[in-house]
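You will see two complexes here that share subunit A, one where it goes with subunit B and one where it goes with subunit C.
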Partner chain A sequence: VVAMLKCVMSGSQVKVFGKAVQALSRISDELWLDPSKKGLALRCVNSSRSAYGCVLFSPVFFQHYQWSALVKMSENELDTTLNLKCKLGMKIKRTHNICFQESQPLQVIFDKNVCTNTLMIQPRLLADAIVLFTSSQEEVTLAVTPLNFCLKSSNEESMDLSNAVYSEMFVGSDEFDFFQIGMDTEITFCFKELKGILTFSEATHAPISIYFDFPGKPLALSIDDMLVEANFILATLADESSRASSPQSLCLSQKRKRSDLIKKKAGKNITGQALECISRKAAPRRLYPKETLTNISALENCGSPAMKRANGDVSEVSENSVSNTEEVPGSLCLRKFSCMFFGAVSSDQQEHFNHPFDSLARASDSEEDMNNVCRKKFNGSDAKYFCII
Partner chain B sequence: MPLLTQQIQDEDDQYSLVASLDNVRNLSTILKAIHFREHATCFATKNGIKVTVENAKCVQANAFIQAGIFQEFKVQEESVTFRINLTVLLDCLSIFGSSPMPGTLTALRMCYQGYGYPLMLFLEEGGVVTVCKINTQEPEETLDFDFCSTNVINKIILQSEGLREAFSELDMTSEVLQITMSPDKPYFRLSTFGNAGSSHLDYPKDSDLMEAFHCNQTQVNRYKISLLKPSTKALVLSCKVSIRTDNRGFLSLQYMIRNEDGQICFVEYYCCPDEEVPESES
Partner chain C sequence: MRFRAKIVDGACLNHFTRISNMIAKLAKTCTLRISPDKLNFILCDKLANGGVSMWCELEQENFFNEFQMEGVSAENNEIYLELTSENLSRALKTAQNARALKIKLTNKHFPCLTVSVELLSMSSSSRIVTHDIPIKVIPRKLWKDLQEPVVPDPDVSIYLPVLKTMKSVVEKMKNISNHLVIEANLDGELNLKIETELVCVTTHFKDLGNPPLASESTHQDRNVEHMAEVHIDIRKLLQFLAGQQVNPTKALCMHRICRSGKKTLLFRVETNETSKRM
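Let's turn to the complex of A and B:
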């Protein structure tokens, strides 16, 4: 069962759409197309699960938007084609048939609205500032006080003597459309995703909002336009000096194909397994190489059917995990990017609107989603990013 | 350049080929359009010079620089043939810089004494003369594609801008470029079949880009994309391109290139089709 999608865009719409794809391509080579009645969502998550991007185009963005959820397809048929047709000027017609795989999109469980620091700025201003950084810049540090905004080369990279250029760029608070700093904060995050969303927001002419808390907690870059809504969630570097601040808070889970996954695993008591994963937080942590486990395998690996608390809630999970991080020994906190929790993309999200942790990831089918929330930890000197799935 | 002319005047008779040009870029630009291999074979007759580059015994590019392009053009024998390192020749031709400086032209005098002798280049810009001697090599036999206009089945003339983007964005993960030419829909179609999927580019016959459309019979042929990709060099310089296929599926691409003085030159690519005929198995 797959969704059918047909959308038509004019030249200027294609331009915006293309910029969105370009921005997302900085995160990952693979892209989810996730159509629903709310519009077409494009989603990406990088391989280390430290960056996530989602751009939602509302149905009115398109000249024509047609979507239907249920088109029967044989289960084994993995490769279908995505058909992109473009009519160019001078009557040339381009058709691209792109192979795709059916899979379940993820989304981050992260509520940007509870962040203590919120900034809103015209993308042009930031883009002008960003050209000052060298192309080799991988990470940037954002330092804010209630009066000042400073974007600079990351401290970590500036310690490297081979890096000859160290840049700092200050923007006065009056340059911002909205400037709210709850506490002095210095966070470090990857640069390339920021560049991507900036070019995209320039194309939409919409201001860009930045939401963040403390080092280690993810940062959200958002565009909220009538027609397009974009959220890029980036892990930030956990601060070695302030390890008490709980770093983990981005989580992932996977959209399941209810129809087959649930059926297939009916006998295994999935809910029980999921809860076991959650409860394991308190148990000794395991080291997982970051790429070994896919969501599904992680799911299957963790848990016995012994635990049964089928009505548990996703929010509970993320709260637990946050409180738990204080147990992590300080030595392990050096140089790590925070993790993300990812939640299932659901079709009926409305009923969870009031949920405190639902702003980005709304767990719809609680039964399914519970399965998907489990934790992995990856600590190591050379590991900059680690993730929770 | 009276000094230079005087100096060499007496020696002129001993050369089997003498050609001079006020603007060297009128030659170098055309040669760049076929520069996809290191070596080239040059044929000079009283009509002009033809420079040929080949690859894999499957593709051949010819650049024609007719005698009229040169300010002076003398060939003593019926035809003069030699092989030369094209990369070195182009480096020498652009020894005063490859991008044009406003108001300054590089003049060229090119002399070849005959079999076994080097090709002599005298380049002059602003009173400075550079002399280059490039060793010539034993000429190799070039392919005869036997592409005869009487056997042409389909022929299309397009404005080059219509193909430029298509060729620069070709999906190089595809092994072949499939060209469909037909009197019926899709008229003219370029297709690739790469790792990520397939792409089709359709040009209707009433497109503004279509200068001429003479297709008699539906032909679907595949050509190695790696062999055709180098023709992009000629495409970007050209204003029009003629695409022809003959009864064997051989492809001829003729590019019309206008030089800085407004003169017309031609570059031609021949390519043989991939043996595997599409859909032969089904």
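Let's turn to the complex of A and C:
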């Protein structure tokens, strides 16, 4: 079975789309493409699992958006190409064929609404703050009190280098569209990713919402302009004490080493090996409308609450599901969850589900192509999503 | 040692920023000398290699509306600091549209020059930007190397053409050769010459005017049209020209041959309020 995706964008839409890809490329070289009836989601996570980004383009963002799951295909040889066609002015057509491969799903749990601190700012403010720092600056610290906001060079970094300039900018709370600080907080995170997010936000002209808590707990940056919804989750540096109490935070180790605790296995064929991913076991909630998130480790620990919640969404797409097995919570949710995107089935558990996993999404220009599309068989592996390399 | 100063005038801040940019273009590190009446930027590249050496003087009262300093001691009421030029110019760059700029000497973990800017913002509250620039205090025993250079009487001294024009000519010449000959005479003529095996290019500037000579006697018998020449590395000249962002009211070049045969070329640029000699 195959899912099909076809999007057409105008020049200005391509610009926004391109900025999203650029922002995500600062996080990782690999991009996940998740088409669904909710729109096209682009996701990525960096190799140390300390930064995650997701941009969801709703169907109305595009000039033309066509997505369908589960078109029955005939058996054929493998064809995994994503066709990007550009029609420039003067009737020049440029076609890019980008190979993709099936991969593990990618989600993260983050509950924005329970964050103690929430800010909403215009991109201009963030741009003004960012010019204070040089491109060699690795990390910045955000310090807030109920009355003001400060972005400054990370203390740890400037202490190490005696020639480094320490810079800070204080901004009064009245410059913010929304300023709600529950407690005085100072968090430190990666500067490079922040710059990428800013470039994207300037393309959408929408304000940026920032959600965060204590050091060690991830920080979320969201941009929502009705057509596009983007969320970026960045790990923050943990204090010694808070690390002990919240071991499940998506956090940077104190020595600023991107965590080696997370071993990432690339793309295909990740079977039941545990990704020792540290992730929050918060109450799962929707980061995107009508979508449920699971955390990565939950792929292996299907008993997590996230999985149970997934049931709620499964029903929406159950008509698309090709899963034949029922009722085992966790793993079933897992499969059904993946079904929501591609109508595919998979198993990565110790339980032996021998359902061949057929999932292929191919951008196609014509009906004829559909007949040539082939089906890929995965036995017991988790191919659910696409990954552009 | 203490130092605090404040600029509130936009034009003064702008001027100061441009001077700082020029310094940053000329050398990576520079010395800042603070005395009760003046601020000096001093660059000391090794002259033996034909490097650029620079002495820049600012009358502090032309820039700062508040200026307080206390030197190393009462007899030596000066402060010499070494800093990375780009750090200062970058800090000043963020001060565009500032309501006020404050500079002071601080000691947060290590000695710093703290640049603090109050920025105008859309809302009622101001934004405050602070940069702590690490510095090294230069000990008194090294001060003698950083004194104002004595400008000897030149053989020829001439006003330069518009620096922008000169820069574009020299830039084109750089593509042909690294070695430039500058010739000037007391009749207001300046030539820039490059020569290779294949080609020889000369640009002539006329009617430039010469400043009055310091000591008439040495030159009375000189033929006014006699050209004095120096050979210089074109890249060093470009370095100097590229740094010129401040529109000078006067720019002149002095050429000197001392008895030992050693030639020096001295550029002196004056703007409204400052005097820079290079």
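The rule is short, and it goes like this: the second predicted complex is superposed on the first by the 228 of 389 C-alpha atoms of A that agree within 3 Å, B and C clash if a C-alpha of one lies under 4 Å from a C-alpha of the other, contacts with A are read in each partner's own complex, and residues count from 1 in each chain.
Basically, contacts are C-beta pairs under 8 Å (C-beta built on N, C-alpha and C of every residue); 3 or more make two chains touch, one makes a residue touch a chain.
Everything numeric in this text was worked out from a predicted model, so none of it was measured.
Undergrad: Quick one: subunit B and subunit C on subunit A, clash or fit?
TA: Superposition result for subunit B and subunit C: clash.
Undergrad: Specify the partner with more touching residues on subunit A, choosing between subunit B and subunit C.
TA: C
Undergrad: Figure out whether A:D174 sits in contact with subunit B (first) or subunit C (second), or with both, or with neither.
TA: A:D174 sits against subunit C, while subunit B stays out of touch.
Undergrad: State which residues of subunit A lie in both footprints, the one left by subunit B and the one left by subunit C.
TA: In subunit A, nothing is touched by subunit B and also by subunit C.
Undergrad: If we count contacts the way the header does, which residues on subunit B are in touch with subunit A in the complex?
TA: Residue list for subunit B touching subunit A: 162, 166, 195-204, 206-209.
Undergrad: Quick one: which bits of subunit C touch subunit A in the complex? Just the residue numbers, please.
TA: Going through subunit C, the ones touching subunit A are 84, 87, 90-91, 93-94, 108-110, 112, 121-134.
Undergrad: Would you pull the subunit A residues touching subunit C in the complex into a rising list?
TA: These residues of subunit A touch subunit C: 128, 131-132, 134, 159, 162-175.
Undergrad: Considering the complex alone, what residue numbers of subunit A touch subunit B?
TA: 81-82, 90-99
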